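Naming follows writing order (A, B, C, D and E), and every chain is counted from residue 1.
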Amino acid sequence: MTTLVDISGLKAGYGNTKVLFGIDMDITAGQVSTLMGRNGMGKTTTVRCLMGLLKASAGKISINGKDMTGAPPYAVARAGLGLVPEGRRIFPSLSVSENLRATARPVAEGWTEARVYDTFPRLGQRKKNFGFQLSGGEQQMLAIGRALMTNPSLLILDEATEGLAPLIREEIWSMLGMLKRQGLTILLIDKNLDELSRISDRYFLIEKGEIAWKGDAADFASQRSHVEQFLHL
Amino acid sequence: MSLTLFLILCLNGLQYGMLLFLIAAGLTLVFGVMGFINLAHGVQYMVGAYLAFAYTALTGNFLLAVVLSLGTALLFGLLLEYFVFRHLYSRSHLDQVLATFGIIIFLNELAKVIFGPTTLTIAPPEFLSGSIQLTDTLRYPVYRFFTIFAGLAVALLLFVTVSYTRIGMLIRAGATTPEMVAALGVNIKRLFMIVFGVGAMLAGFAGVIAAPIFAIEPGMGDNILIVAFVVIIIGGIGSIGGAFVAALLVGLIDTLGRSLATDVLSFVFNPSFANQIGPALASMMIYLLMAAILVFRPKGLLPAKGVA
Amino acid sequence: MNSLEIRKLNKSFGALHVSRDVSVSIPEGECHALIGPNGAGKSTLIHQISGVLRSDSGQILLDGQDISNLSVSARVQAGLGRTFQITSVLPSFTVLENLAIAAQAKSGSSMRFFGDASRETALNELAQSTLERVGLAKRAHIRAGDMSHGELRLLELGLALVAKPKFLLLDEPMAGLGRAEGMVLVELLAELRASIPMLLVEHDMDAIFQLAQTVSVLVEGGIVAQGTPDEVRASPAARAAYLGGDAE
Amino acid sequence: EDLKIGMVVTLSGPPAALGQQIVDGFQLALDEKDGMLGGRKVTMVIEDDELKPDVALLKATSLVEKDEVDFVVGTVFSNMLQAIFKPVVGSDTFLISPNAGPSTFAGKNCNPYFFVTSYQNNQNAEVSGMIANEEGYESVFAIVPNYQAGRDNVEGFKQTFEGTLSGEVFTPLGHQDFSAELARISTSGADAVFSFMPGGMGVRLVNQFANAGLSDSMKFMSVFTTDETTLPGQKDAAVGFLSAGPWAPDMDNDASKAFVAAFETKYGYVPGSYAMQAYDTASLIDSAVAKTGGDLTDKDAVRAALKEADFTSLRGNFSFNNNHYPVQDFHMLTVVKRDDGQFQTSFVRTVAPAYMDSFHQDCKM
Amino acid sequence: MLIGGVIFALLLAMPFVMPLLGAGYLAGLIIKAMLMAIAALSLELLIGYGGLVSLGHAAFIGVGAYAGAIALESGIENILVLLAITLVVTGVVALITGVLALRTTGIYFLMITLAFGQMIYFTLTSLAAYGGDDGLTLWTLGTFFGSDIVQNDGGLYFVVLGVLFLTWWGVFRISRSRFGRVLRAARDNPARAEVMGYSVNRYRLVAYVVAALIAGVSGLLMMQHAEFVSPAIATWQHSGDLIVVLVLGGLATRNGAILGAFFVVIIEEVLGSFFTEWRLIYGPLLVLMVLFAKGGISDLLVPRQTQGKTP
């Protein structure tokens, strides 16, 4: 079991507001890891730091054993991280097809435009539409497809099922299960504990900018009520 | 008015439009992609003209001077981007206006100090000098044809690049969501730098081309900058196709307006009144056009899609 | 009397017919849910009702008053409140100010040029109490732009509530909320429901079954099923298009 | 105490070339007199009006109020003169214009504290009309920029020209591309073009005129279009083009010859009429201060001394009219290429001897 | 508040120390700066609080000045009547252009205001009867019921100072009022403001007209001070100068417009008095100011946190 991403002592914030007070996380290759926490605890901030979108004030990030602390986002992405960001952030001025192709990094047997359309037929129907014309859910599918088209070795989904209809959500969960079986490493942020527990191998619980609890699937099953307390359920 | 005159006017309008397009294209890209208001774009046009002057004086060869000028203009744009502009992308438009305004002031003065305040000219190259007989009564200078074709060629190249190539997609994507473009593996800083450099080079190219027709003087970029802004606004910001259509429109309307406004008015009013009002009206023409278009299409004629 | 009634609304984007003869009546005291697959036209319908989009044809009545031809702001003044699917607040104002400004719209003329608006206690108190209601009291003096996604969703709701609307349009209010926050919100809405009828667009089925008395299922712009939650759950049309097999 | 002279001229932007000639011409006169005028040591304060009225106003106020100068010399452009006029003459300071000579202050608004050493703006155009008559042009096409001076020049030309004006075109200020106008001119059947296109506009017009091959079929006559400030940009394109003016660098008098030689040695370029007028302005002040024995407190005496114009003008004959605008000879000039490769205007013949402006009758002074 | 107080105290004291420093010139310099500050403050309402960057604002200065000048030429001398005429004319022009211009926003608004500004400018240059683009020297000036208190020799300095104070105070009050708050909300997120129940364009139009009226008054005062009007004051470059003043001073700060105006006037005067090529220094100075003094001069004096947080 190799560690794909290793985060240690990560501190970060926005201007004068400190948000992260020392995050330690390690993501194992081939596993599905989950980052949980209530609203505003710093999940997205952690992801932004990992992606190089936000400068950390302290701490270390290494990817595949290589120190990537402070690396620019494009370098992180090229190191194999694919992001489905919170709030979708698709390219509104590009068509669906262009959204998928613009940042694609094709590999043999990897994701192609056609394969994305197979997975999300709805997108296939709206191929020529501009990003800004899509419904909320369509945008969400596009954001996932776009990240897959970079053929990442670690796929990060920040609230990726938000706003999707139950049927589609179901499809996405089963697709994630399939991707996992194919060996893709995944980092999930989601509130849907039941669905999560079907595929997740590792759990990190973030509370006020620190990792308050971590454990594997077995730990999670046995300590679920403890975790749910943190989540105020 | 004769048909010949009208044809000449149209050709001139076309040629002026092409020149405007060369300037506006860079401006609209830089504005559309980086959201950066670069007032110094006009000064880059001036720099192109002075470079052409200096290199022709140095080498005596127009073509060589063009090539050297283009290279230098590109380099100049890259340097400006590196030292000043990239620090301003995340700042407000007004900060950008102020900083680039400072650059205009500086470069205009510098040009005056180096080359003197007087108007300079360069002759068009030998092989582009004569004129072509179009009809019995109509001759048109080769050099002006050359500018029309140069403009068309650049327009086509840009249009294809922006609409159909991957770098074009990235440019359009970067316009609205630069952070995501970066997060998906594109070196956005370099992309911006390239766009900026190309924009500067296009402006410089326009300056080089204009040098033999018009004259070279400090501040020559200031007025044309405003017209270029009119063009990109009429066309819709960030839209190359829009800039092209608008440049032609502005070129034609301005040229025709200036020559015909007085005549047209004197059909209606008495000649002395027409003479008084006509020229003022002619100067206003492009502004009237812009205002009218914006009133009915507040985002320009062919706005880039999905850009808020 | 029906609080909100829409009659045969239509809207097309070019060749795409996004609302087809949509009619819904929502009486006082009722929460009506609108569900449907992604891209069915739910947000479009909300936009049409709130006036952001002009309908091609059809009528919208609020408390019996025809508001089809009013502007967005006039519809708000007439008593319509809404939240956006994609959060939309005043980012550079504090949370409290956001609410105070929203409250100001409903309390006399805003063409006043000299008094200090930030000292108007009536507005500030209303804002404060709304904040407490949506659970953001502790964040009153944070810049709205600095809040996390989930908090913004709550503020979004607060903005709609502070204007004391007669009717509320909610476009996916639960999206982005954590479990705990989501539950708080459901409780809040359940409490509001009696006094403010609402049209709720949501993909969170648990929330819908807790809140809604009636449900419409929108598919490709047209309503395919309408009824109580249980009726809809049983409807084959709804299951095929939206809920999927294991909804039961 | 030093004699203080303030100067307000345009020294920024392209028109800076004109302002520079004035500064250089005045300085040359000063240097030749060892920095003294009328026996008094001179302190110069030179201000740039930036071609902005508000700046000109402020600079002029600064000269009269802060520096308390004895004379203000300025300006290049009429609109700048308008801006500084009231504060300067209002403080009873003598204002001498080395170039701008608007009609505004030549008639009923003439002023005891205001002198012009150049000409009245319309005169050159009026003389151009006479030249056109003498040269036998029957129809002339006028092209000028659309601003006050442009319109004045066409009016001036029309006043004396006896043929028909086959067309008049007003272009925007700073006009770039004259090809449309030239197309029109070429089909107009006119014998000659009359233009007033100062600075870069003139360079473009003349070059484009020549490039269009019109020089063969049509005469080109102008004012302030082919002068020593624009010829370096026009070169061969302008050779043989006619203009009207009170002076050319090859004027046949000793003072002028000495001036041109000294100027070219010192500054390395050919002086134009701007430099000449500035030089004459210095000579005028020199003569007036000398006459009053260096005492400038009696304004009436100073005025009388200035009015006498008792100095050797580089132009030859020179005197002041009742409105303090000059009475002088106007000539037909043409552009020539000199043996050293430089270009300049050259005297052809005198057209209007002792010519007065047409507004002086209205001046009650 | 403190800085504002100091500024106005200094300005008030100035005339009493000025005679020692070459009165008229210095007064001229300060009046120029004050007039610039008035115009900039009016623009502040649009740009700083409304987020509407106009590049045609100077046209209203021109309209105000010419309305006054033309009325003067036709024999009206009472400054109050001139003021009324200026306000009416500027108001009407602003209303017409405002309704059309406000159909757009952002850079499009900037350009359409530029277009209207240019139309006004060209119209002024074609007023041949009033000097065309040479401008018009005014042989008579506005009087206050026959007294010259409102002229340079009288108390024009204090009149301008008074107007500056009123404008400064008024703009500040407006920015904190209900109206100003809506204006700022509309700048932040117009779609949201609309959904809050505000008809955004109505508020913007009022701001536009008020700003134009103040600019018109500054134009009238400019005319009275220069004893001369010229279309040059209506150019877009002049509008640009006002924007420079605002940004340099610090946008949407209490004293930014005044600080900026004095900074620009003084720096030009000082640099210009040393050498003709002063722009070689001024240009880079602007660039450096933008790069390193982010909130303008105001922020250099008082960092923004402590500067009375906006309500």
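Rule of thumb we're sticking to: a contact is a pair of C-beta atoms (placed from the backbone, for glycine too) under 8 Å apart; a residue touches a chain by one contact, two chains touch by 3 or more.
Because the structure is a prediction, the values reported are computed rather than measured.
Using the contact threshold fixed earlier, the set of chains in contact with both chain A and chain C is empty. The set of chains touching chain B and also touching chain C is given as A, E.
Farthest from chain C, judged by the mean position of CA atoms in each chain, is D. Spacing of chain D relative to chain E, judged by their CA centroids, is 36 angstrom.
A separation of 76 Å divides the Cα centre of chain A from that of chain D. Per-chain CA centroids place chain B at a distance of 31 Å from chain E.
Looking at chain D, residues 12, 146 sit in touch with two or more other chains.
Taken residue by residue, chain B touches two or more other chains at 108-109, 112, 279-280, 283, whereas all remaining positions touch fewer.
With touch defined as above, residues shared between interfaces to two or more other chains in chain A number as follows: 133.
Going by the touch rule set out above, the chain pairs that meet are A-B, A-C, B-D, B-E, C-E, D-E.
Residues 173-174, 176-182, 184-185, 188-189, 191-200, 203, 206, 311 of chain E are the ones touching chain C in the complex. Every residue of chain C that touches chain E in the complex is listed here, in rising order: 50, 52, 71-74, 76-77, 82, 84, 88-93, 97, 101-102, 104-106, 109-120, 159, 163. On the side of chain E, the complex with chain D involves touching residues 22-26, 28-29, 32, 125, 128, 131-139, 222, 226-228, 230, 232-233, 269, 272, 276, 279.
Listing the residues of chain B that touch chain E in their complex gives 31, 37, 84, 87-88, 91-95, 97-99, 101-110, 112-113, 226, 229-230, 233, 237, 276-277, 279-281, 283-284, 287-288, 290-291, 294-295, 298-300. Chain contact summary for the complex, chain E toward chain B: residues 47, 53, 100, 103-105, 107-108, 111-112, 114-116, 118-119, 122-123, 125-126, 128, 236, 240, 243-244, 246-248, 251, 277, 279-280, 282-287, 289-291, 294.
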